[in-house]
């Protein structure tokens, strides 16, 4: 199976994650060739659904980057479908309790760990005939901690058996705490909350990722000990680069 | 009809053109909101065909940028289809003679100027009930001068009645002249050829555009008198920005 | 943001709503140019899913009609995805209790009103950089009252804090009451129920809409005080017009 | 093979033809159920390309209406592809000479009549294992006479061996004759030209069709002796019906 | 309505079911012409979602095989959408209790049997104007018994009022019982469980189907009394045939 | 670049080629994993166009099989587009003269060999930054000899400078010679013609391929000296396997 993300982590490094909001396999293929450790197809706020994600997973198959997906909601159908389609990691939004996190683990793992239904149609085709034997050890589950409620439960969430780790959504976290939603937070209360989540993960021996915007901020997060940082999204990167190029061309 | 490109030209300015290689209406919509004077859907080297172009023209409809298309080849079918779908300009590759340029004008204009078949299904829907009356005056035709043969014929090409202007493809021009194909040419012979083409257009009172890569080079071309510069493409801009962001995040 | 629907309502008028069952952005664009106050993409009984709806929302972007969507079921994932994709209103089927209605409001509004997750990827692109600030005040929520159970709870449903109003599905309402399902009801019990729902909305100071078939019936509903009437659907309008045209041509 | 169109003609009747401009199999399926003798997918001015046409031919397979296609231009590739995909008739635009008409026949028929390449992948699947044996006798070829040049050559065009008949495009014909392009012509010169084309077909024992807009005009054409009349298009029928319904609902 | 499956059952025979994992209407159309009694579009482990299923249902419309769909999960939205799109049977995974089975029946039937929402947009178009009157009697519901929990509840599940029958997923059943997941089970405990499920169906007078791989195994299951056997899937059949053909060609 | 086909040839072996008629990237991916030396996407008789081919080329990227495409006709636009999209070989139908073959070479090679326009958007992404330097040496061109006229010119065709070889279409060849079109010919005159073509290729030192149906026939052709044999198509292989499996299951 593809394990660039595991390789990076196992070598003690922090991973840089690409983010696909546009429903397009060509952009996915370009992103796959860009050098990210992992690339996540966003089915929540990204403009993707299952069929788009399938074509994007195909487009990522020739790259080294580990393919992951963020699901729209904590529901078994879409989690299992994306894994069957070849995603090797699931980022799940709005995990507010340890029970939520346990459900995520349950849906993403085969018995006896969980109750994932068997039928890895594309996963077996692209990840190998021994997919079933390796799946539970390979598939990554990241629970999003992004509400005040989740913040209170973060220790229990981080300790959920079988969970790979936690992924922080700073915008929703800020919004839930009464602040304006934005990435790369500098509001002291939000910064403190981010630190608290990271600490809970470290205590529990779990991975911790965070969605960033500016590469410099992402670098700072990696230096702080985060295991994974996301760099905005395809749309954000592209539109910012367009604006900058147009301004330069017009002088 | 949309005339941001005409407005820029009429006010004496040079236009900055976006370029769509990825077959995706979401990227097209983002590009449409980025502030380009015009946006060209590339059906030649871009990964687009008619159906992709149609969805992208729809996605560009709410933006101010003038929608154009580069066709794969000098053929009446696809030129007329793209105009019927709402494109307001056609860039045509490999125009090597004045006769080629005359055919381009012929296909893109209604009688008595040309022989465009009548049936502006979407063009009339989005550009107004008076589309037929305005079409010949509005639709832009740019003939690509990009071979040694075309270079010899550039005066005649530039003077083709009804042609809006010439668009330079530096890569093919260099290749045809025996050099390595690349954008933003610095090879003296190619630079001289580019200057000769621009001069022929100025002499004929026609527009002259050029495909660029670096914004700084594009700015220089605008300063030199070009009427339109293209900034790489969606894929080039995005992949360069990804590489830069990853490098910065990894420190 | 687009507010033709609000404008119509604020000026004291009743709105005429178009309805898209066919999964096609060209038909959506034609509908957007037809002059409706709002156009609703139907993801329940219409043949649409998210990806189709996205392309249709893009196709509606250049029209004045307010874009809305009917979701397949009261579920947070699809409601939030459609709002992020740019829909400005949500019609939700099978809202049977005030608790159901409260969940609809909850999913469609940002904190502190609700728990909508932040990430308006396309909404911010097309509705403006201040989308977040305006979203809760702009997004329309219409709860479908279409069962006998909902009829009993209609007062409580109509009074749900934050709910824009109620939308009547006459077919399901009739079916649930033991009658044959059909639009433009004339069965006295169903007619009486429709009147009761309208009354509950008026008492609560909320909008009330109804799905109609014949334009004449729709006009009558507007005259009766309804705030919004839907005219069949794209498929119904087109197939009826075909039948009529064929019959006339054949004499 | 499907022969509703042949049946109508063989019984001495005139056929009513549906016209698909929107690239959508659902609208195609609805049109297929509407009762037309034949349904034509328009790849010239319609917003369709091959892949859209394929899905629409699939959607028409369960209907009785004979599926046909109008190609963008007189080119062998697309004509043969549409026949292989199951179209049973080809309407070809801009046939200006008898040589053009002969090429159309050549491309659409197997040896020894023509040079159609063998490989009826879907045609054999849906029209039967004996497709090859019946194809030349079944496939309909209609040459569009729609320019002043074609008008001069109409006798020779109509007499082209193997050609089924002629299809009149009134808009282009008017435009080419110096008039404003429109359907349902009333300009005496254009009306006279239409009559001349019909006469040439009758003399040659060939079918003659015409593109109409108003059902009443179409009926008149059938009464005049036309073998086939087209009723506008899906987009025209639908948008006219929307406008009428909205006006009635608003009172 | 299409009733080849009912016909086979009513004549005392066992049905052979095709299975579509690839999201493609052309493969669906080929499968529809292959001679299966029924063809099931798999939206759980197959690489299909709603929009793919819709195009495949259109492609199946001209065949005799009864079209069915397996849903990703026991959820009302997708079940109703597939029925509205023309599926005549629903196979539902992970039905573990009689209450689960009752919900399946409830979602798939109109009042008074269930609570299916009325709006058979495509179903009425292709199955006839009397679709509503016949729907409850025609639509097939098959509950998947594929866990140890379901096995314990199999009698109650099989006796659920309104349920057509049970469909066995041997892979998940084996996995849930602590064995390696695979089709065509030979593990005694799994074989015994399969027999127990079949027996429970026979006792309850309900249909029983099973997912098989090898045709010979499927034949054995039919001989044992199963009412329906599935032959692997399009992808399994095709990839096995490719491997065999390549080996033979290479000698 | 991918060179499994070159490797097979360079090692003295004959290649087994897969053939994609269904427009579907999932079937393409399955085919890519099946073990063929090369896989050809058929845009002539296959149900594919450019956009389908692009998605299929993406799906083939993670396989070892060399991706090729058959174009609908000898036209520069589509040949160059497919090469830019990553195809490494072009099979061109209806090459009847040496001049036709020279045009094929011309369109598929960069200067100074030919006139291919520069812009390998996806080819460079997936085949490497040095794509331009290697393209002319890597891209395969196979001219289809499949008419009586081509048979007469086969020596000259085979000797065309820069041409990789010839590909025989037995069905069209037979049809053009006055026989029933079919694969795996046994008609003596057709068999003799096939032998003559093979001989002309051997004399000219060029590759020779042939489209076969039965694996045993393909093996015989490899034994006879053919460099490449195609095994029917995805649709043919799958439908034959379905028929066989159904028959066996029904006993």
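In this document, chain identifiers A, B, C, D, E and F correspond to the written order of the chains, with residue numbering beginning at 1 in each.
Quick note on the criterion: a residue touches a chain if its C-beta (ideal position, glycine included) is under 8 Å from a C-beta of that chain, and two chains touch if they have at least 3 such contacts.
What you see is a predicted model, and the numbers here were worked out from it, not measured in a lab.
Chains touching both chain A and chain F: B, E. The interface with the greater number of C-beta contacts, when D-F is set against A-B, is A-B. Chain C and chain E have Cα centroids separated by 34 Å. Taking each chain's centre as the average of its CA atoms, chain D and chain E sit 42 Å apart. Residue positions of chain E touching 2 or more other chains: 21, 23, 26, 30, 33, 47, 49, 51, 54, 75, 78, 122, 235. Pairwise, the chains that touch each other are A-B, A-C, A-E, A-F, B-C, B-D, B-F, C-D, C-E, D-E, D-F, E-F.
Partner chain B is touched in their complex by these residues of chain A: 16, 18, 21-24, 26-27, 30-31, 33-36, 47, 212, 215-216, 218-219, 222-223, 229, 231-232, 234-235, 237-246, 248-251.
Residue ranges on chain C touching chain E, taken from their complex, read 21, 23, 44-47, 49, 51-52, 72-73, 75, 78, 93-94, 146-147, 169, 171-172, 175-176, 178, 180-181, 233, 235. Those residues of chain D that touch chain E in the complex are listed here as 25-26, 29-30, 33, 54-55, 58-59, 61-62, 122, 125-126. The part of chain E that touches chain C in the complex is made up of residues 49-51, 54, 75-78, 80-81, 84-85, 110-112, 115, 117-122, 132.
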